[in-house]
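Next come two complexes built around subunit A: one with subunit B, the other with subunit C.
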Partner chain A sequence: MSITAETAQAHANDPAVLCCRAEAGITIEAANLEDPAIFDDLVDSGLLTLDGALTIGQVLGAKLTKTCDSLCPLTADVLEGVKEAAKPAALESAKTEETPAPAPVAQVAGGTASGVLKIHIGEGKDIDLEIPVGALGGGTAVAEIPAGAATGVAGATAQVPAEEKVVRTLTKKHFTITEVKRGPETKIEGTTLYIREGIEKDCIDNQELVHDFKIEIITPDLYHTYSETVMDVQPIATKEGDAELGSGVTRTLDGVVMMLTGTDDDGVQIGEFGSSEGYLDENIMWGRPGAPDKGEIFIKAQATIQAKTNMERRGPLAAHTAFDIVTQEIRLALKELDESLVTSTEEFKQVRRPGKKKVVIVKEIMGQGAMHDNLVLPVEPIGVLGAHPNVDLGNVPVVVSPLEVLDGCIHALTCIGPASKEMSRHYWREPLVLEALHDTEIDLCGVVFVGSPQINAEKFYVSKRVGYTVEAMDVDGAFVTTEGFGNNHIDFASHIEQIGMRGIPVVGMSFCAVQGALVVGNKYMTHMVDNNKSEAGIENEVLACNTLCTEDALRAIAMLKANMSGEDVKAAEKKWNPNVKSTNLELISNVTGEKITLVDNEQSLPMSKKRKEKYS
Partner chain B sequence: MNNVQILLRQHVGAPCEATVKAGDKVKKGTLIAAPTGLGANIFSSVYGTVTEVLDDRIVIKPDEKQKDEFVPIKEGSKLEMITSAGVVGMGGAGFPTAVKIKADLNGGYVLVNAAECEPGLKHNIIQIEENAEKTIRGLKYVMEISNAAKGVFAIKKKNEKAVSVLREAIKNESNITIHLLPDIYPMGEERAVVREVLGILLDPTQLPSAADAIVINVETLLRVAEAIEDKKPCFSKNVTVIGQLNDSNEPRVYMDVPVGTSVGDLIERAGGMREPVGEIVMGGPFTGKSTTLEDPITKTTGGIIPTIEFPDLHGANVGLLVCACGGSEDRMREICAKMNGKVVSVARCKQAAEMKNGALKCENPGNCPGQAAKCLQFKKDGAEYIIIGNCSDCSNTVMGSAPKMKLKVFHMTDHIMRTIGHPLYRRLTVSKQVDQLPNGK
Partner chain C sequence: MKYGDKIIRMEGVIVEVHEGAVGIDLKGRLGFLKIPLRMLITDYPIKVGQEVAWNMSFPEQLSPDVNEHYVAGIDNRRQKEMQMSNQKQEVE
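And now, the complex of A and B:
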């Protein structure tokens, strides 16, 4: 439809297409031109080819020499008085900004390009993002990044701390397990972990709703074993001495993970939208933050809970609580291990960087009840004891330190939508927290967990609290992440709105792609990162496939930086296009000089029967 | 002669209040209802007896014998006589004429709307051909009353005979000119006339007075002249009957049809309908409404059109593109239902601005704002067919995208256009520009 002069100005470098029939002799004005926002759809529908079209900036004021019909791209042969192609504005900005940039930066700027990251959500239904670097549409690489940002990128190592403040530290001491066996008592001898025989009965007796409980030790040679749907993957970790979660020393076991699976008495998988039952090696996306790594041993429990409680909060909670009896015995054994067995030590510093752009991460976690709950802040990493269910907390925002996140402050009961939900292990190695913490250009002030309640009124109740929480933090920018898709997108959108309406730049992250396309949207949802990894853009029921990974965190951080520095977001493609992501990563990589390797998706796994039948 | 039914509301404003009761004898020109607020006097159009006074109408049984003479209105100033005669805008809007012209145009313009834009209607053009002199006198009265310095006839160039009659009639009138219009719908929209003649595009909320002008229908001028010269009350209407008629689908123009005559009587006069009939439209194809044989003619009725049957879409999904230039959404839904379609999507032309009273007005009549996005919406909503109510230019734009999207296009006037043998509204093949007469003469 015809556009206004302002829209024409904003799209001066987009192709000029007549919205309606125009007769020879008229002077082209904005009202004669179609809105570039619908070009993608028009091209898709075969209604439009943009070959040879001049830009809007070029045609405004020119005289039409031939009567042309609607959707006719304006080309030089039907116009008189066409303006010269606008010089890429970016080129000029690079020139004017060269002064403050040290020599190496100038090279970066001149040689490659800058970081306009851009995404667009067409009426909240599709997402894409794009970082145009260089001349808009020109293809030549021209810097557009503000000098400040460029300096930061290039001079990161040089310019650092002075003012950096270490608020607290968390040390993770790693012990390695190479073998897991059953034995008369739970203990660790060297690198062998023994799990007490008969512990299953304790688990069953402990929880009324748990009717059966089996433990299997899955070593790599047994990966091709059938399993019920995976409800959670957890690291085994414990605090040393009196240390509280998120500080002091945490002991953890490498080479082994806890894996909870289950059904109800009737054999119904404990899952809502999809489930990951099947052969383990065909249904686990190895190496995702929340998934097992290839080579690890699984202590896999299969809980059978009372029929019909699979969709109630108490059913899955009973399974998790029973399972923690096993983990807790291992934790106690781990506490006793001799210091000499430590194979590696990691130190996490919570660093504040006054003077840098202050950012906060808002992580939306499930809180709809049913199996959608999370235990918040247990005493032990990913424990049960001492934690409060998110639902009981009313889903209101809870501020935690980044180190509490990395120390397992979330025990996740979100055992559904396997590909897009964050397992407990995800938080333990949460990529956005890690990347934001380590990025010397930003000042990560904290992480806010907020639940996603079932009822809309409650959703808006909590999203308003998010708004005020973030407002009180006086941040320069915010990330909002979510897991799953669909219902939770309502609050996800509302969180972004509440932050955005306070004038705070915000970047949203979610699985969307095709199947998770947003059902709602608002005008603040302009900067979005899609966590999809699946080939077809769907919930493919492969554990953790579409969860937030480092490659997503890097894009989100680059995008928020661009947003905070006031760079424009260019309109994006209407349909989900996986290439946008790879292009953006390439552009980031060009600036940072670091190669970003994309994680694999389900195509790297043996094809399961289910996947073959349902998704191919 | 059958009973006549005279509606108490035939104009913009409140309904009139009856001044007669059942049993009263009335003459042609007897005042039978008077305004309670904004409105215009209503007169009996026949000699006869009032049989019923209902909430919305007065029913009169006409006498066997009808005389031509009528009860004259009182002598008075020109404006008073127009008020007394109950003249309203005859182009369809029905705004009380005396109220409209009681203005000071500061030497501005009276623009005569002779566009007769609704396809198929002919009574305005025939009136000019047959009665240009009296019409011009009507214009002069209006110019005098409203302190206008210039009068301009806005008429489509295609009406060659009427244009030549007018040229002859105004050749010695120094302050009256002709502005030729292209054959595009909706050139007769009030603000389109102002834009075409004066080059001023008014906002939908503005009246022509914002451009020191009034726009007045050509038949209204005739009624003004009749009131002033003949003291004749306004109780008759020129009407075109066209469509699915027994003899042919050629237009029949009836001058001075008594207000209150039933649609059925008028169709009988035109030779009767040829069955099967899809619907009967009162008014023009674009802005008219469906009517019944029993409904009466009013002061604003321009056309009566029995149509051929509707095509049957067998319940297919339909998108409606509602526009200020055509029927309301209700009318579009009615047509869709008559075509046995299922409405799955409704869009409104971007330029259709909603007025306080809920009516739509086009921001720039006849100049399309683009329709591709609407077609995308219809496609997305699963429409197989679309029914559009757009003007010539917008219809052309729709045709630029809908067929390529495999949307089958109907125009809401299709059944009427097919009935009267008029080209369907699809592609635009004529120019919006026409050459003007030298000095408007």
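And now, the complex of A and C:
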């Protein structure tokens, strides 16, 4: 396939190869050349060698001196009038045009400007991870100031005085629980939590579809217990007084989490296909934002729902609603607790930083129906009451404040593969929101949740709304994240396109690696961060292993900053290469001076020898 | 894999539609596939009888070894299913 002049310009530094037979005497133009995107495959299969090939930029306009067949690399001995190897000026200017005008940067003041961290995924399958060029000004803050620095500095003096503004605050009061027991009533005494005996019956009676309900208390010495697939992990939290979700005071229990598991009457796991049933300690990636931490006590419920409803919307929803009866009783006990039992207090401030680069986080949540659903904005953190399923909301974008996210505004029902599922607890400790909120160089204006519907027409319907929502926000940059893989990558790509076509720099985050390779791509998908942690780059059936962690958030933020300041992104290698991530993190670390510790992956869990062989 | 690059266009018919999954009969009596909805790309509302197509190859064994982790899981599930059906019979 011949290429257009535009493609030729984009690939000016790639090898020039004839796309079809060309007669001696013709002048080489773009139409004579093959698309460099396919060369890797051809070279791999031995159909093409690129030895001595000149670049496209060099051969354009040269005269062919010998008749050549298709797929013949153009070398100096068959051409006359080859240009010197230099980047065509046109390309440079094109690049500058694409660069968003460097907003009068107050970055000048920010000392810890991250260097250059970019990852790039080419159209579709070629995933390009982008590498920070440490050479750029030695990674000092100076490197952050792009061309037009003069105006930037001048503008900065005018804009720097803009002060940070605290829009609202959220206080989390932590109470510690060291023991969970059953008792005649649900109450908290000191650090002991009692759960009412017989509460199971209330749960069964409340939901027609729930036929059986069991509660187990899993202490650390019982971690090696068989469990049905984990449907959700939730913190226990409640609002104090009349406070609304996302502001005021939230009380929360440390050392204990709620864990929902279940099957239907026939013993079929609730959830989709990849399920995490098995021994808890072999199937949980400890410490992930959405997973339990080692040492915590689990209040684990096993719901049995009506046969065949495990794949329907009402089944999982009934199990979650029944489980919330238990949580709600604990919440009521938590409200009564004496202030003297507070062990620590955390304060989250939603800070707006006028003058800094304004960014938004777009989080795609599942909305295909059935268990692919989320309850949005309940009254209590991760509650059920008052919330609306995003499927019923039509999956359209819902704008929330970063503090609402951290206060549990999403009750997740999504049963996508366990390794890439974002549990309810994930939102409670969402690393990208936390890092973006605390980063003094950017101004996080909000978080947009958008559902992923099943049918393509609906996907494009919602992603257009995302485009207009982000356009109205007038942001300088955007993150788009998704969980899992499959057809949600179609709207994920479309969200990035809708934002990118408005000239807004955008960074995409998803689990991709080997198994979740993107099914679609477009020209705006140039900055991508892969959430993979598994050794082999696959869905490894370990709960929350491949979800977004702090290390991914740091890479994404560094990449967006680089993108917003107009720095270039390196193309990724053709095949997934986990080293790109470590190199990128090292470069960030060099600039910020802070060591980034990588989280463990499934290799740290006890595993049978054979399992180890399979996954290593 | 020895034959991983041998890609074949397969066609099938949607025979089951659940809220979270679809069942697909492979044409030519070559098997049955049940996949989550998010792995199916759809331009139209899903209906039984619609034809679908995809590229695939042949599954190959990775090694002669048995993975005990999965064996334990399968045994466990069978036991559970048996228990459940016994319980049901008792109730009846």
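Rule of thumb we're sticking to: the second predicted complex is superposed on the first by the 458 of 616 C-alpha atoms of A that agree within 3 Å, B and C clash if a C-alpha of one lies under 4 Å from a C-alpha of the other, contacts with A are read in each partner's own complex, and residues count from 1 in each chain.
Here is the rule we go by: a contact is a pair of C-beta atoms (placed from the backbone, for glycine too) under 8 Å apart; a residue touches a chain by one contact, two chains touch by 3 or more.
Please read all numbers here as calculations on a predicted model, not as lab measurements.
Within the superposed three-chain arrangement, the count of touched residues of subunit A is higher for C, of the candidates subunit B and subunit C.
In the superposition on chain A, contact is made by A:Asn456 with subunit C only, not with subunit B. Of the two partner chains placed around the shared chain by superposition, neither subunit B nor subunit C is touched by A:Ser340. Legend: residue contacts after superposition of the two complexes on their common chain; A:Thr597 is shown touching neither subunit B nor subunit C. Touch criterion met: A:Arg313 reaches subunit C, while subunit B stays clear of it.
Contact with subunit B, but none with subunit C, is seen for A:Asp35 once the two complexes are overlaid on the shared chain.
Contacts of subunit A with subunit B, set against its contacts with subunit C after fitting on chain A, share not one residue.
Taken together, the subunit C residues at the contact with subunit A in this complex read 18-21, 34-46, 62-63, 65-69, 72-73, 76-77, 80-81, 83-85, 88.
The residues of subunit A lying in touch with subunit C in their complex are 226, 263, 265-269, 272-273, 277-278, 282, 311-313, 366, 368-372, 415-416, 452, 454-457, 484, 486-488, 490, 519, 607-608, 610-611, 613-614. Chain contact summary for the complex, subunit B toward subunit A: residues 350, 367-374, 376, 379, 393-394, 396-397, 400-401, 404-405, 428, 431-433. By the touch rule above, subunit A contacts subunit B in their complex via residues 1-2, 19-21, 23, 25, 31, 34-35, 38, 41-42, 45-47, 67, 69-71.
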